[in-house]
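Here come two complexes built around chain A, the first alongside chain B, the second alongside chain C.
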Partner chain A sequence: MSTPAPPAEAPGSTTAGRLSGFLRSGGVITPVLTALLAFLIGGLVVALTGKNPLTTYQAFYEGTGLSWLLPWTGEREFAAANLQSTLILTTPLILVGFAVAYAFRAGLFNIGGQGQYSVGAIVAVYVGSSLPDLPGVLHILLALLLGALAGGLWAGIAGLLRATVGANEVISTIMLNYIALWIGVYLFGLMGPLQNDTDPSLPISNDIVMDARLPVFWGDAELQGLHVGLFVALAVGIVFWVLLNRSVKGYEARAVGFSPDAAAYGGINVGRTYVTVMVTCGLFAGLAGAIDVLGWQFRVATNDIQGSQIGFLGIAVALLGRNTAVGTMLSALLFGALLQGTNVRNLDPAVFDPALAGNLTTIIQGLVVLFVSADVLVVYLYRLRRRRNREEEAAPPGVAEAAS
Partner chain B sequence: MLLISSKRVIALGLALSAVAITGCGDDEETTSSASAPTESAAAAPPEGKKITVGLVTDIGGLNDRSFNSLANKGLEDAKSELGVEGRVITSKSNSDYVPNLTQLARQKTDLIVGVGFLMAEAINTVATKFPEQNFAIIDFPQAGLKDTPENVKGLLFKENEAGYLAGTLAGLYAEKNGIDTISSVGGQKIPPVDGYIAGFQAGAKEASPGIKTLNAYSQDFVDQAKCKELALDQIDRGSGIVFQVAGQCGLGALDAAKEKDKLGIGVDADQSFLGDYILTSAEKKIDIAVKNTIMSVQDDSFMGGTDEIFDAKSDGVGLGEISAAGQEFAAQIDEVKTKIAAGEIDIPTEVK
Partner chain C sequence: MADSRHDGEAAELALELRGITKRFGALKANDAIDFELRRGEIHALLGENGAGKSTLMNVVYGIHQPDAGEILVDGVPVVPKNPRAAMRVGIGMVFQHFMLIPVMTVAENFVLGAEPRTGARLLDEKAATSRVRALSERYGLAVDPHAKVADISVGQQQRVEILRALDRGAQVLVLDEPTAVLTAQETRELFKVLTTLREQGTSIVFISHKLKEILEISDRVTVLRRGRSVGTVVTSEVDEAGLANLMVGREVLLRVEKEAAPRGGGEGLLVSELVVKDDRGLSAVDGASFAVRGGEIVAIAGIDGNGQSELIEAITGLRRVERGTIHVGGRDVTACGAREMLDAGVAHIAEDRQRRGLVLDFTLAENLALREYRAESRFGLLSPKRFVERARKLLAEYDVRGGAPETKARALSGGNQQKVVIAREIDGNPELLVAAQPTRGLDVGAIEFVHRRLVAERDAGRAVLLVSFELEEVFSLADRILVLFEGRITGELPPTVTEEEIGLRMAGGGAAEAA
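Presenting the complex of A and B:
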């Protein structure tokens, strides 16, 4: 204790140390246990409906197409198509997972992934469906960039409100979700300014022009084959890791997440960090929306904006992935596979009622969020209590500590 | 104080997000009951060739008590009466249509039925990719498909004839009970909706020449509150009978009629299950259309590249159950229907 070190570097002695220790030690085992427990309870629910949980999960597994990776098992054509779908769903989940995870590392709850995703999709579909003369690659890059930026700006509003007037980002991001939703419904709705030009009865955007669609590298481009957006998401995974663990910005974000007071004491501008962190999160989520639109959806309908849950799923993805780069990507794959595996089109009704399967996905999602957020919440509340206790204690010990 | 409130805020946030995450899968619970009749009817002897039929619903889900549930009923009837094998795939978003149709096509399903005009583009893509399979699309003309694939048949309905019958009944009832205004709530100003409304207004004016007709569009097919608001406004302006032409949204209009002790008229499917206040329903017999189409595939008479139009003559459109209040006019309605079938009445298709 001869030099004044930030509390963040004293593991165990502070909440910050506890949190980082929690993230490190629980890193691999707790998420796996969480997922297993959720699947176990899900299996009990299946058993309660009178079906066999094992054959049901077997059917889910077949629906994910993951068996394609084991070429000696089963048939190939359907498995390939299913795996393509799984990975198409995994791509945006990785990115919205990062959007939640990065904020979380800075001590912020980004519940606004959905709104940022929608804003990214809205801007990308506008850019991608106009400017038909722009060369393909340039057009794609422009749409991705502007979509991501739109998401960044959107999330930045919440960061700015937090930094300037202290508005809690949980509330503001949730409210921004609704604003994004209704802006989208207005823009593409009947007689909206961006409604499609061909059929005035459909509340849907124009189609992305052919040249601006992401290339498909596996499967049939017209039948939703796998597009190159997956590689973009994986590359962003590397960016996320470097940003978080090897950059000044990431260090500042983590320091603020450990303890805003200590970070401020260490010379970090906490307010500005809140803004940059939220903007970064928004970039991830906005990019997810842009990739979905340019990669396989090609248009945005008002009921898609209203029905999309992908940003909310990002919360579960990030929580289960423990807010790390690799964890979030693996967790995105799990949820992508779960969504695809329980998809109605793949389930034989004799094995398990497809309509119930969709609800089972929701149950498993909910359980994961519940289990993970339960222990995260415990740590969070513990941290609040400690801080309050510290404040209630007299100032002298703190001064003495700083002086020693 | 501040700390406590922020703690609450976090808990609220997590609770809200959990609600958002878990709140998405509630629209499909009735699928299980929908598929139940198959088992009881499994004993029926198969009469024709064993064919497989796939049905892809739009995002309304199977319990929409409308297009999707009617199409499903047609398939269920075909399963029990014709001995075909059937499979229903529900869609959760617009981007589900292509993979859902593709899945059935890859499984070499003999007939693939897409429910609703929202699926037009997806049907066009998949049918072009799989020319060996037969496709049918409800409520969309084959010629309207971009590549006009020859293996697709459009199943169309004369909404204006069903609307005319409903309007006639409404007019007769209004005349007898001293109602001077009736109204309709449409989802959007699109041909199928306007066909119903134009027929409704024409029928009502023919039955009760002095009657006033109100009409409004909700610009929505989902949100019941919007249609309810419009219907309440119409009732305020004197409407005694509300005709809904707005799918799920329109149920709100019927709810308004119930609340204000007025009568309602259902659309697309028989909506008499809602209660006695439903005078009748202007029906598209999608179940019959689906069953007939399945039959045509079974006996090899299916003709792709064309449309089949279901009208009063073929009993493809008509009225659902008429409530006790309207029963006294049932005979007159039958007369009008015969006239329509004979082509004696010229019914408009556009709302003026």
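Presenting the complex of A and C:
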């Protein structure tokens, strides 16, 4: 810029404008602060239970296996196994994170990641446990594809309802979650049409045939080593980045997200964009469900479907990752590590009560969502401190600086 | 209007600013500005969009802290850390966007933040009401304390804001573009109020970029240009052209020069028997027929709400046509959506550039691509590099200041935002250019730019359809004027028609001899 730019009077003139300014200016620092703050308060909760927060967090950290990445810090074998588990959990979190993030970018709030994930898992387990004669690679691809498509269709319903009759996607995706849940319970429950063929007393699906399981590339396949689904998620990460930042569809989605009116004026069909965005989100979440089933669960029990929280974690993942491709993947790793680190089997009761550890995950997850929603507050506090520092540094203001 | 009471330097200064400097990052929004407000004067603060007027007054009101400089109220240096502190020293400010709560009554809004309480710590309704009454009588500003804010007019809401500031003890009243939201009638009433306040000794800072109003109401004018004070003049000693020159820094043509319309342009726009419904399902456009040929500017004049918005939305494909036809360049486009209309060569300078014309959180490069992004894509992928190259070219060509291709549109001033919209729309080489209120909220420099561009497009043989509520703009730009009344074209007038004549037509009179 060669000319002295005239200052804009518009931004900052309204409260909303100032807030969105804050949000956008936070960059990398805010999510990091948000996470730190959540862990800090989580530590207070630990202290309230009478345990030492530092040793507890230390134990969590060891449980994540992240120390494997720093080989000089000691023991490797357990760390490797733990890291494999962390990454197994990270894989679907990346994908459901995208499912929420992409919707956010288009101005939609996809609460339905859970239902889309479940539908994907149900279809994948059906496909993966039948057709035993299909060659392995084809079988895997087919199960992944159909699982993803099922999720896409599921989410597409919410998009279609939004586009045609204006039904709020928050409500419709929540409802679709319940529908998916009870369909799953019906299918695999006692006397259900897809209940397993061997033990009629177990409300569980058939097992995925051996050929259709995702290959394990690190660790022992018998002991839940790391499967290739991680690479699928990473590849989808690249796809997501391109989709969002470099594609016509992503441009339209972002335009609609920022301003539906301006998008319509620019010739973008807003309703159609809602549908395609939701379908895309569902593809991500459905794929997550399929990968989990083919990668390490190998079967679906009714209480898996009822107990799964992964779709909801996806909301926290996307929020903390600021709905960007890289951010979402990093925050998926954080939550994957958190889930694994607080896993019951890793904890010494002397350090922290394992029964409470899972709850701590939920608390930290909740705090993250809370702080991200109150992101503005975090940035504000951060700014305030910086300003105060600056003021202290600055000499007492002179009456007038010589006009240049 | 300047009166002689202030003659002689005896008049004290209610507010004095010395060398106020305010930076936003690398940007000097205010650069060593001096400003003097005498007691009991109306002092206008004039400048283009982005000249630093609002910033300066936000510093006075404690919203921004100055990087350098001094603020003196009644000769005493003060440092307003926040609006509350500014109020304490007698500075009140009324913003463009009112800070009123629509669902509460005038009285309730009035006492917000300083609620009188009864013994039981409940809001003392009676005290609140009587406080409003007392003030409204004292200043001769009629407001109904029991009316809900949502139900009263914008002008009345503004009065409530002014009264509230006075109630908080404001000796210095800052009004930020107070007329931007008012009708002509309301503006006149506001001026009466301001005159009364001046007589009662209140000192008023009147921020505006409307020259006529400043000449009418103010005693003195301080002109800001790009963050610096260009000087202060006594209003009675200047005229419109003089102020415009001070403000823009060069000669400004207040009225665009144009040659006679060239003949033999393209077919342009043909609208026949058009019926369009509004959101309530009523026929807002009700059988309108007209044509705009290539090489002419046809203005639609009319009072707001006679079907202008719906007509434009139909022509740009944003609203469904009930009956009738629309042809552009000889093609029937009646059933086309927004995208097909764009492709058929309809360019649209939208009425509301912040809501429709621009995606404010997109970069300028992305905004400039809003028409053409599909054509420039390959395999569904965009080329950001080409976006940026194109944006760089257009930003230079259309003299957009204050932004690089990567700047968010939100960061630009109104005039520059409008230049971005115009650059995009005209660069698409349209058959028909629909300009809806293209100069709303712009300062004279930007208005001149927009007018010139519109005339240039006409001279290039394009059909230009102008919809404007500014009669002056209609007169100076149009080759033909169509009067729109209750959804119908009720007359065609030449641009030489008198204001009275057209006013009568717009109100539905004289329709018998409609063309």
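Throughout what follows, the second predicted complex is superposed on the first by the 349 of 404 C-alpha atoms of A that agree within 3 Å, B and C clash if a C-alpha of one lies under 4 Å from a C-alpha of the other, contacts with A are read in each partner's own complex, and residues count from 1 in each chain.
Going forward, a contact is a pair of C-beta atoms (placed from the backbone, for glycine too) under 8 Å apart; a residue touches a chain by one contact, two chains touch by 3 or more.
Quick caveat, the model's predicted, so the values are computed rather than measured.
Looking at the shared chain after the overlay, A:Phe312 reaches chain B, while chain C stays out of its contact range. When the two complexes are overlaid on their common chain A, residue A:Thr362 makes contact with chain B while staying clear of chain C. Which of chain B and chain C touches more residues of chain A: that partner is B.
By the touch criterion defined above, A:Gly267 lies against chain C but remains apart from chain B after alignment on the C-alpha atoms of chain A.
After overlaying the two complexes on the shared chain, residue contacts for A:Leu37 are found with neither chain B nor chain C. In the superposition on chain A, contact is made by A:Arg246 with chain C only, not with chain B. When the two complexes are laid over each other on chain A, chain A has no residue in contact with both chain B and chain C.
Partner chain C is touched in their complex by these residues of chain A: 1, 3-11, 13-14, 17, 20, 24, 242, 245-249, 251, 254-255, 258-259, 261-269, 397-401, 403-404.
On the side of chain B, the complex with chain A involves touching residues 3, 6-7, 9-14, 16-18, 20-22, 24-26, 28-32, 35, 59, 62, 87, 89-90, 92-96, 98-100, 102-104, 106, 118, 125-126, 129, 188-191, 219, 222. Interface residues of chain A facing chain B in the complex, by the touch rule stated above, are 77-78, 81, 85, 109, 111, 114, 168, 170-171, 174, 189-191, 201-202, 204, 220, 222-224, 296-297, 299, 301, 303-304, 307-309, 312-313, 315-316, 344-346, 349, 353-356, 358-359, 361-363, 365-366, 369-370, 373, 377, 380-381, 384, 387-388. For chain C in complex with chain A, the residues that touch the partner chain are 18-19, 21, 24, 27-29, 31-32, 48-55, 66-70, 95-97, 226-228, 316-318, 337-343, 348, 350, 354-362, 366, 369-371, 373-374, 377, 380-382, 384, 401-404, 410-414, 416.
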